[in-house]
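Listed below are the structures to be examined.
In the two complexes that follow, subunit A is the common piece, with subunit B as its partner first and subunit C second.
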Partner chain A sequence: MFLHNFKYELKMVLRQREFIMWLMLFPIALGTLFKVAFGSIYSNNDMFKSIPVAVVNAQEGTVLNEIFRSLGEGEDAALAITYADEEWAKELLFDGKVSGIIVVDNDVSLQVAGKGIKQSILEEIVSRCNMYQEVIGQAMITGDETELRKVIAELGKEVNACRDVSPAADNPDVYVQYFYNLIAMVAICGSLTGLHVATSSQANQSELGARKNCSPTPKFKHLSAAFLGSCVAQGVSMILCVTFLKFVLQINFGGNLFLLYAAAVLSGCLGVALGFFGGSIGRLKYEIKSAILLSCSMVMCFLSGLMVGNIKGFLAERMPWVNRINPVAIISDSFYCLNMYSDYRRFFTKVLGMVIYITAFIVFGALFSRRKKYASL
Partner chain B sequence: MKPTVVKIDNLVKRYGELVALDHFSLEIKEGEIFGLLGPNGSGKTTTINCLLSLLSYDKGDIEVFGKEMTPVSYDTKSQIGVIMQNVAVIDELTVRENIDYFCGLYVLDKAKRKECVDEAIKFVGLEEFENFRPKKLSGGLLRRLNIACGIAHKPKLIILDEPTVAVDPQSRNRILEGIQELNRNGATVIYTSHYMEEVEQICTRIAIMDKGRKVAEGTKDELKSMIRNTESITIEILELPEDVRAKIASQPHVYETEYDGNKLTVRCSGGRHNLIRILGVLQEAELGFGRVYSELPTLNDVFLEITGKALRDSKE
Partner chain C sequence: MQVSKAFLKILKSKFPSAVIYIVLFFLVGMMMTRTEATESAWEKTQLKLVVEDLDDTAESRALAEILGKGNKVIPPLASEDDLTDALYYTTVDYAVTIPAGFAERLAAGETDGLLETRHIHESYATANMKMLIDKFVTTYGAYMELTGSSQKSATQAVRTLSDETNVVMLQKEESTKSSSDLLLIFFRYMPYILLCVILNMLCPALIVMSKKDIRFRTDCSGIRPSSYTMQIFTSSALYVGAIWLIFVIAGSALNGVMYTGKLWLVVLNSLVFSLFSGVLALFIAEFAPSETVVNLMTQLCALGMCFLCGVFVDQALLGSGVLGVAQFLPAYWYVRVIRMVNGDIPFNAGEAALAIGIQAGFVVVLILLSVLVRRAHYSSAPRKRMA
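Let's turn to the complex of A and B:
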């Protein structure tokens, strides 16, 4: 009996138009769109290329000369420096061979011939150099050696804070966050299948539910078979989604594929459980419930940063509890933690969060739908 | 004496202030095709839902096959087939899969189930459509699929709640023949409808409900004998002076006359040769007339006389 119900539930879900649309085609389309959009950002991203600049040393042997020399050294040098006199430097700038002219004298000055990311970065470098020079200079004027050390230490701290280091040495790429959110969206859209499970088992919500309730199959049996069938179907869609992103779009999700797939399947179950819970409460029509669930899912996705990447950081600063209770944020954070941290403590904390949600949704959903007789149909 | 299959005793069901079933009682014997007739909102579907233990009720007892009916009466439920008022099938499954799915809720054995499904498909004549999805089926075929899903497991009691709504005459005829065949094969049938001719055609016993109460019960003939009307005479006549109409109304056994400018309807209660007497009055007054009909009372007359002619709301 269980297998019979399970088999048909699986067939039903996999043939549902909404399921194919929202959980199979939509993520592929959106993932491809993200890849195209962010792919062009990567190829045009100047932050990772050295900025060509002409440096005119009006004074030699100063700390500032040393700073610029170090900025132009190494494989990942921030600047590609051409040392020149003022005239040649202007020629280079005029010909577009450099993005700016840095003149190192008592202080540092910058000349640029346009506006853009490169020019902004140069401006930032120059203003920082001047600021450091002034701060250190002020400290030296006071003659207090302790104060001077303190200032140097503070400046050093600021520099360290700007470094972005991945302990797991995986992918610290900010754009991959969009793909985590995409997977989380697919997972949470599984609520549509969960909703179907709930409404099709309630006599007061569908004719199908009434027919099932007239049969000699106990409600628990067809509900559990339907729920499991939906979870398996949702799991399949999650695996397809992750596989497409990882192997077709070549998104770097880090090394641990097994845990990535496991987290994806678990998050799919969370979506189904959410839908089951939503479908079990109230007597609204299926279409209205599905519209509400889809809207709630989209709001959760928005708060998790699917549409606007910075929103999650904004919430983390001002209302951190939102990220802690938002199921979509928990799901996307689990992928982030898996990718970014070498120990799995944070990842398993997120997984635990998902398990708690799943359990709560199933328990409350079952409580609401356990009714065997209805006051009205 | 045949055993009782369904016994409803003193059933009361309220929706807030509204009394949907008011001390309703019923007894259905094995082998009957029992018709439950009533206008919209009379409580037919509520009765069925209470009988199936889907709805809670305020008072009363329901027994099916001699046992109290509860939501967990799984043994009893396994012997009941239900065909709901609205089509309840799964759009994503084919005709065969739908029947197999619902049959599987009753019949565990796979081989036996296949046999049942094959028979049900043949019974409703959907052999050519067994791989079609429900959305590809016409209204009549969909109704037939709905019936197949309810009867595939060969139930002993079949409950059909208005199964022919929005069905073309051919499909309707096929459905009615099918119900009679199921009955001949041993099933007891409860049939709710407000199509009088259907009920008259197939039901062996009928109960008429109104405002949650049973207002009449019996065979067709018993019900017809309950009403005053035994003969309705209709005469096409273009001119009817008041004195002639009064003379017709004063004839023996005539209890009601109606004239709409074209047609005179005379209702008689008992007696013989009513038609000859009325035509005699018209000839005596030298009035010309067209076609003349004389009809025996139908279930429709019974229904209208018992439940009244006032319009009902469609809420049930």
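Let's turn to the complex of A and C:
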């Protein structure tokens, strides 16, 4: 009987062509839009590149001019310098062609039209120039020319004080998290299928439910068959979603591909379980249950960083427990852990979190849906 | 009025789910607003650092002092994993460990590999920190030549590097940045909220109206198709207006700002966008999808449009190609008006009016398309309207 119900559940899912089509189309369309929007943001805006700057009053042969020249030379130059007069420099600044104007006078000063990390780096460079002037000035006061030469040599010395011991990430692009969250959202959309599982077994929610309640099949059998059927359908759509993102859009998720697929399928089951749990509570109408599930899913997606990328970090600082209990955050974290950590300890912790949620949703969903009697409909 | 009455009755029956959508999406909007921060006068970008001093000497303390100036020093995190997460999500920009023996190596004139540093992104913040650290080492080295004393050199380096740099903030014109900043952030995210709420609420009601039973009964009645369409459109507009009003009033009340001056332009902008959302709902409902599909379509339209048009990610960060495509969507013009009022781009009344006009153009085009689709559906219906 279980297999019979399972077969019919799969058939029912497959016959919902419109829903299946949209469930597949959803990650394809959104993934493509994400790729178009974020494809080059990380390399173009976040990665360090020479900062365009205008230098006013620079005089040939001076120490300051040498400093600017050295900063603007080479492949990894810190500055992209345009030597200009004051008027032109302002024009460049307001047109957004340079991030700041360095004015060389008795002191070196900076003019900016906005605030940001690029301007802060320019301030750092200007402060360095002023430091040179001050130290050289102090050395000159001593009147010892050998000392002065030593100081200048010291200031010109190439320094590389930092030894990098950074953790190795397969793909450090922070915008990949939008794709993690997209997969998590597709998974959590499975809650609508799960909701269907719950309502199709309730006589007051659907005609099918009424027929099922009249039949001699034990509730456990038709519920578990429906749940498993929905999980299979959701699992397939998750596999298609990851395949499209990974192989068509060429998103570098990093980590082990097999585990990526496994986590995606498991997250799909989590979505179905959530829907089953939500649908089993109370006797509210299908539309209201669907509205609650969908709104809660969107809030969870928001808290996981689907709309505002840095929200997860923001929450980690202020309310870290939100990231720990949010199912969508757990799903997207599992993909993140695969990318960031070479050992799978944290990944399996997240997987365990998903398994606990799935078990809890199924158990409580089953508890809420058992022993429901319909005296009159 | 019969059609309006029936339509409003259906909307009323869907009121509980409408309240859920309004409350939860308003919550999302408020949270989005609160996670953004704004600023006005010049100040250096404050980086978030983790500094661990294992040397604990005058030199290491001097370096830690310089690193902490103008930056936010965060206490060392509980585990290496926490630090990795923080570096990835940029809640920490850079982590520096000053190892034991740092002062001795520094005094010996060593300049390479003195500190252990951690970062994930080869970003501007990373470059900035590297420059700052190298600057300290260079300054210390120069003072060592002058004074010959390690402690004195460290003190002198801190003094010299603490000098304020002269930075002038030039402005092309008066910026409108004020206490209305939070409200403007709320309005920036409004397209997503409006699209989600209006589409999720209006579409199901419109789908019920176009169900065969109701449609055939309406077709048999004496109501003219144009009157039917007009009544549906008017009722939808009323409903959209009510939702818009709720968000506009709640936005003002919760952000503690009254609408004045250019903010009225933002309000008008949001009204036109609300109408667009309403008309989009009418258009989608013409294809009579199931409610579940409407949910997916809503998210697809809302998320897709908002990401592409710079609602979630600043337009300044999006490439010119992306913005070129986004110009064919109303959310792009909506965000443009917000950016003008916010002072991100120069304000031009003509351009702002044009942006709102383009959104209104989208509304008109979608109305025409909806009417066309409706006519096509009616003409292909199995039972045609009786003459």
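In the analysis below, the second predicted complex is superposed on the first by the 236 of 377 C-alpha atoms of A that agree within 3 Å, B and C clash if a C-alpha of one lies under 4 Å from a C-alpha of the other, contacts with A are read in each partner's own complex, and residues count from 1 in each chain.
Throughout what follows, a residue touches a chain if its C-beta (ideal position, glycine included) is under 8 Å from a C-beta of that chain, and two chains touch if they have at least 3 such contacts.
Keep in mind it's a predicted model, so treat the numbers as computed, not measured.
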Subunit A contact check, subunit B vs subunit C, more residues touched by chain C
* Between subunit B (first) and subunit C (second), which, if any, makes contact with A:Gln59: first, second, both or neither? -> neither
#### Entry: Touching partner for A:Asn252 - first (subunit B), second (subunit C), both, neither
neither
Next on the checklist: Touch test for A:Thr359: subunit B only (first), subunit C only (second), both, or neither?
Outcome noted: neither
With the two structures laid over each other on chain A, which partner does A:Ser70 touch: subunit B (first), subunit C (second), both, or neither? neither
Exercise. For A:Glu287, select first, second, both or neither according to whether it touches subunit B, subunit C, the two together, or no partner.
Key: second
If we overlay the two complexes on their shared chain A, which of subunit B and subunit C does A:Asn106 touch? Say first, second, both or neither. neither
* Asked: Between subunit B (first) and subunit C (second), which, if any, makes contact with A:Thr243: first, second, both or neither?
  -> neither
Seen from subunit B, its contact residues with subunit A in the complex are 15, 49, 52-56, 71-72, 74-75, 77-78, 80, 82, 84, 86-90, 92-93, 97, 101-102, 104-106, 108, 149-150
So, in the complex, the side of subunit C touching subunit A is made of residues 14, 16-17, 20-21, 24-25, 27-28, 31-32, 35, 39, 42-45, 80-81, 84-91, 96, 111-128, 130-139, 141-146, 160-161, 163, 165-172, 189, 192, 196, 200, 204, 289-293, 295-297, 299-300, 303-304, 306-308, 312-313, 317-319, 321-322, 325
Touching subunit C in the complex, subunit A uses residues 18-19, 22-23, 25-26, 29-30, 33-34, 36-41, 44-48, 78, 90, 93-94, 107, 109-113, 115-121, 123-128, 130-131, 134-135, 138-139, 142, 147, 150-151, 154-155, 157-167, 169, 172, 174, 178, 185, 189, 192, 287-288, 290-292, 294-296, 298-299, 302-303, 306-314, 316-317, 336, 340-341, 346
Seen from subunit A, its contact residues with subunit B in the complex are 1, 4-5, 8, 11-12, 15-16, 203, 206-208, 210-218, 222, 372-377
